[in-house]
Amino acid sequence: MNPGFNIVKAGHIEFLVTDLDRARQFYVDTLGFVVSSQDSDHIFLRGLEDRQHHCLTLSRAPSPGVGHFAFKVASEDDLNAIEKLVSVAGAYSRWVDASEETGLQGKALMVEDAYGFPVEFYAKMKAEDWMLQRYDRYRGAKVMRLDHFNLMLPDAARAYEWYVNSLGFICTETTETEGPHPSLWAAWLRRKHTCHDIALTTGKGPRVHHAGFTVADRGAIMDCADLLASSGYLDRMERGPGRHGVSNAFFLYLRDPDGNRLELYTGDYLSSDPDWVPIKWKLNDPQRQTFWGTKTPESWFNEAMLVKSPRSGEFQAVKAPSIKDRPDYLISGR
Amino acid sequence: MNPGFNIVKAGHIEFLVTDLDRARQFYVDTLGFVVSSQDSDHIFLRGLEDRQHHCLTLSRAPSPGVGHFAFKVASEDDLNAIEKLVSVAGAYSRWVDASEETGLQGKALMVEDAYGFPVEFYAKMKAEDWMLQRYDRYRGAKVMRLDHFNLMLPDAARAYEWYVNSLGFICTETTETEGPHPSLWAAWLRRKHTCHDIALTTGKGPRVHHAGFTVADRGAIMDCADLLASSGYLDRMERGPGRHGVSNAFFLYLRDPDGNRLELYTGDYLSSDPDWVPIKWKLNDPQRQTFWGTKTPESWFNEAMLVKSPRSGEFQAVKAPSIKDRPDYLISGR
Amino acid sequence: MNPGFNIVKAGHIEFLVTDLDRARQFYVDTLGFVVSSQDSDHIFLRGLEDRQHHCLTLSRAPSPGVGHFAFKVASEDDLNAIEKLVSVAGAYSRWVDASEETGLQGKALMVEDAYGFPVEFYAKMKAEDWMLQRYDRYRGAKVMRLDHFNLMLPDAARAYEWYVNSLGFICTETTETEGPHPSLWAAWLRRKHTCHDIALTTGKGPRVHHAGFTVADRGAIMDCADLLASSGYLDRMERGPGRHGVSNAFFLYLRDPDGNRLELYTGDYLSSDPDWVPIKWKLNDPQRQTFWGTKTPESWFNEAMLVKSPRSGEFQAVKAPSIKDRPDYLISGR
Amino acid sequence: MNPGFNIVKAGHIEFLVTDLDRARQFYVDTLGFVVSSQDSDHIFLRGLEDRQHHCLTLSRAPSPGVGHFAFKVASEDDLNAIEKLVSVAGAYSRWVDASEETGLQGKALMVEDAYGFPVEFYAKMKAEDWMLQRYDRYRGAKVMRLDHFNLMLPDAARAYEWYVNSLGFICTETTETEGPHPSLWAAWLRRKHTCHDIALTTGKGPRVHHAGFTVADRGAIMDCADLLASSGYLDRMERGPGRHGVSNAFFLYLRDPDGNRLELYTGDYLSSDPDWVPIKWKLNDPQRQTFWGTKTPESWFNEAMLVKSPRSGEFQAVKAPSIKDRPDYLISGR
């Protein structure tokens, strides 16, 4: 269980956008992310609670998707230990120099894991002013910080082994398929003391289903729904607001103007105890996805973000899973 | 516009239920209505803000529906004036003695209006303790008071004339059909200074679509959704929580164990000014019903409560409207 | 009780400010009032729910205070009836031409009542866009509309007679002094269907203690406290946030940069019924002012806004009341 | 910094109460703590989010105070390592058998630290049903879990060294005295990823100032204030509701019927990063204690809970600090 290194938390994610100005209008002017820095090809954003340079990078690109996502580790020694582990496992990795990513300090390790995901590990990032008590800067969704990545992939059970046994993640909740011989269908795994830093769900992949961002409270999500509905972003709300069964969080799923998906998320629980016993759900439980029984739209299962291969720089091809990739109760339309 | 009498507000409604104990568990133990009195065939309920005996009567009956709904008037003189108006209009009415309805004081007038609805008018009701600052009594949905009746009927435009020109209601909002020759499809009419005391909507009728009850705030509606989902009432939530376009209110629609429909409702506006210009909506505006664009389930348009004829004591037969009875964007399922 | 005319509601108030730019920064940039128009000497403001030109006027003046406050009436006929009443009562009044106050339409009546207050009555005002569903315009305290005026004067009991018997106000709550022979110490009076349009309280006067503005909900008041504390306005919060006993409203009292006092207010009750029985409080009840028992700072009783005489254009001289002007439980400091 | 063992979090605290029935009425019937078990001398309570037997024990005793407080560690090995550390440091400790404390599993270590506090360390506790999604069980303050202990002692700086250097706590915030040669006046230290598990503040001690319990959200604190004010507990609210500067949390301080102090607390931040730079405050900063500038009552500095010596079973004698024990801006009264 102790992997010999310390992954601290989900650290940041890079969204590819085709129009930086349009993306800025959505993320900054409307949702209220704080701009740490900007150049001609990138906008680096943080939340009100963040004390470091970025948790979300918007990068100009010909088509949408995810450039990479990254975990923060405790020290550079941890990077070296991860590099060794990845190398032994036969996966691709390369060192990233601080100069390659604005805000990074010291080196980072970019990995293409066995499932095809572009995963960066880094230890240090430039410090930024804390906006937590700058309530005069609170806007839109009152985004506090990045919370988690939700990955969709054909073999969630195998990736579970990698994250838990090799990378030291702890499982807080699972979903299993129905029937006498249930398979692991999804898992919520954490390093920091919340419900999760990463979720692994069964579906066509490798794709990133969404990135979850913590917001101030339930009211902020309601207010944000009202705001988006008044700001020309009506069709950017895909699912919710509602209460999750898994995680117990209050949520709203958004699609940015390029279709990249993010979740506004608040109200999960403290998971600090190492003797935590995972909460188990069945795939067809009507309260699993939305505790209030509201059905999930089909698009939520069909669509997700392609990911770039760190090796080739191209989007990874996707494969379908061998098991059912969704519950039985979807609706067509929201 | 001044009808020579003063209707104060939507006063109370009688829901027919087939199992009083089951209904009590839903309305009292779960939603938190306050019981003013109870006999073998009725439970008389009020909200936390009410200072009078009841705003909701549950009456044991062989099948669900609405026994009658009632408007409070300023004085007994107003009752006499309304009796005269109704008589001239050729509608059925009869005097109700205070002994016929627990809590009533003085006489009431029971009318079967030209549209077939059982409408009571009354001036005085027994005083009860105010629970507004008895926060130790707050439960469930924190129901404050009755807000409005929503009626479904084939000819909303004709009923509009009756309510506005004869009864002195003021129109706050309307919905019109699409196209070059729009018809009035629905109207929101008020006596008290809120969005409405009564809504008239086009559909099979005469039926009561729902009764709306004001709750403390948006948080109370969210909390109530969580509570119902934990209390075996998952399938009793039909639509919402969400924000209305019309009325701007935050809402959740419920079906009681018999299928009678009520709305938890909060956050409309002050409409005190006699020079209020009605807000106009088009039937297919995606933000009209739910400001966030969420679609309405079919059941919401198909199902409504039958009403008892004051004359025959039987349920009124229903007729279909000659114009379209719903927008184009419904979904099948919630 | 029926005075032969119809006062609709508390309509607007004029605050005198010594620095318009500084006032704009407070009211518009921070609290989020909507600017309807502005000239070199005035800023005309409305709330998000208002459909008319202004509910608050900021007027450049050598020293702070209240220029006038105004009630909206239903029609110009009502203005004539009030002029007659005032004239019979021997009070000063004059007709105000629409050109004298931006936004006014038709004439208005400016009265100096027997207690020295500058009270305007008007029927019509320029229509403005409704911002209620322009959630992209919501800022700061999310001010919805003007709710009430709170007046401080030596003889509240006598003014009570004028407002109730001559002007047709309805009493919702009262405060009486302690002891075997209690006097009326304060009264809350309404025309619209809320707790009050005007409160009359015992103290040095004539002065306006504060104007109360309705905000979206309890959360908006909390958020506003955080915002003011982050915006250099820490010392502009005088009392609260808290829950009132009288009115049951949630509140925060502010002093603008000139010391004029306003209340952010939300969550009172519907008072539509003409047979409402007033709620009675005793002056020393520890839950009367703040339901949670928190004591009120001395400044809240000592300080209030001077009012201009419509006759002389000078501030009215103030007189002390013959009865005790405050409860026994004050604190020095907040 | 790595002490060779792993303290997980603040685990539970034992409050001494003189009347168990009266205490149950306050903690269970009003605040809504969940009862895990009860015997003639104790009530064992947990929060809605807790999955283990207790976070608060009420023990019948001749006078109020704190019996002990406890940290959860990751394993029994950690207990052995702490025993060794404590023994080397010359402090008193003894092994507690699981049979001595209902709910404990395996042994625990009871320490009297160098500052006189009764600190228990334990690894395992009986599992209990999770109430997080049993919204039908939510009551009163919606207490989720224990968050922190706040200790008052004459030499906070020395205790800081013990907690950080020997026990492996991480400092998130500090308060220093004013002047050219500031002393550490208070420190907030954490093991779990929140603002703190323990606060060390300068004052007469050893005493426990309060135990902080996490509640669902800001609304739960407001609702609880209304509830307490309606339930005969008006004088049990000592300070708040308000927003802290330190921790940024929303709070309400309560005194139980015996005078033991607890804090309802919500809305601090994620502190997972080992490279966190402590936030620094000065003792007299008016926004340090309450971000809105509201002054703290004297009782909050004068009164705190005596602690029992694990060695003698008697309350520890208290000593005054050599430096100032409070800021300059207190008020007498609330």
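List of remarks:
Each chain carries a letter (A, B, C and D) given by its place in the written order, and its residues are counted from 1.
Keep in mind that, in the parts below, a residue touches a chain if its C-beta (ideal position, glycine included) is under 8 Å from a C-beta of that chain, and two chains touch if they have at least 3 such contacts.
None of these values were measured; they are calculated from a predicted model.
Summarising the inter-chain layout, the chain whose CA centre lies farthest from the centre of chain B is D. Looking at B-D and C-D side by side, the one with more C-beta contacts is C-D. Chain centres here are Cα averages; for chain C and chain D they lie 44 Å apart. Chain A and chain D, compared by their mean Cα positions, are separated by 34 Å. A straight line joining the Cα centres of chain B and chain D is 50 Å long.
With touch defined as above, residues shared between interfaces to two or more other chains in chain C number as follows: 133, 218-219, 226, 229, 291. On chain A, the positions that touch chain C within their shared complex are 133-138, 219, 223, 226-227, 229-231. Residues 218-219, 222, 225-226, 228-229, 234-235, 237, 241, 243, 250, 286-287, 291-295, 329, 331-334 of chain D touch chain C in their complex.
Of all residues in chain A, only 6, 8-9, 49, 51-52, 72, 74-75, 124, 127, 130, 132-133, 144-145, 191-194, 214, 216-218, 245, 248, 267, 269-270, 272-277, 279, 291 touch chain D in the complex they form.
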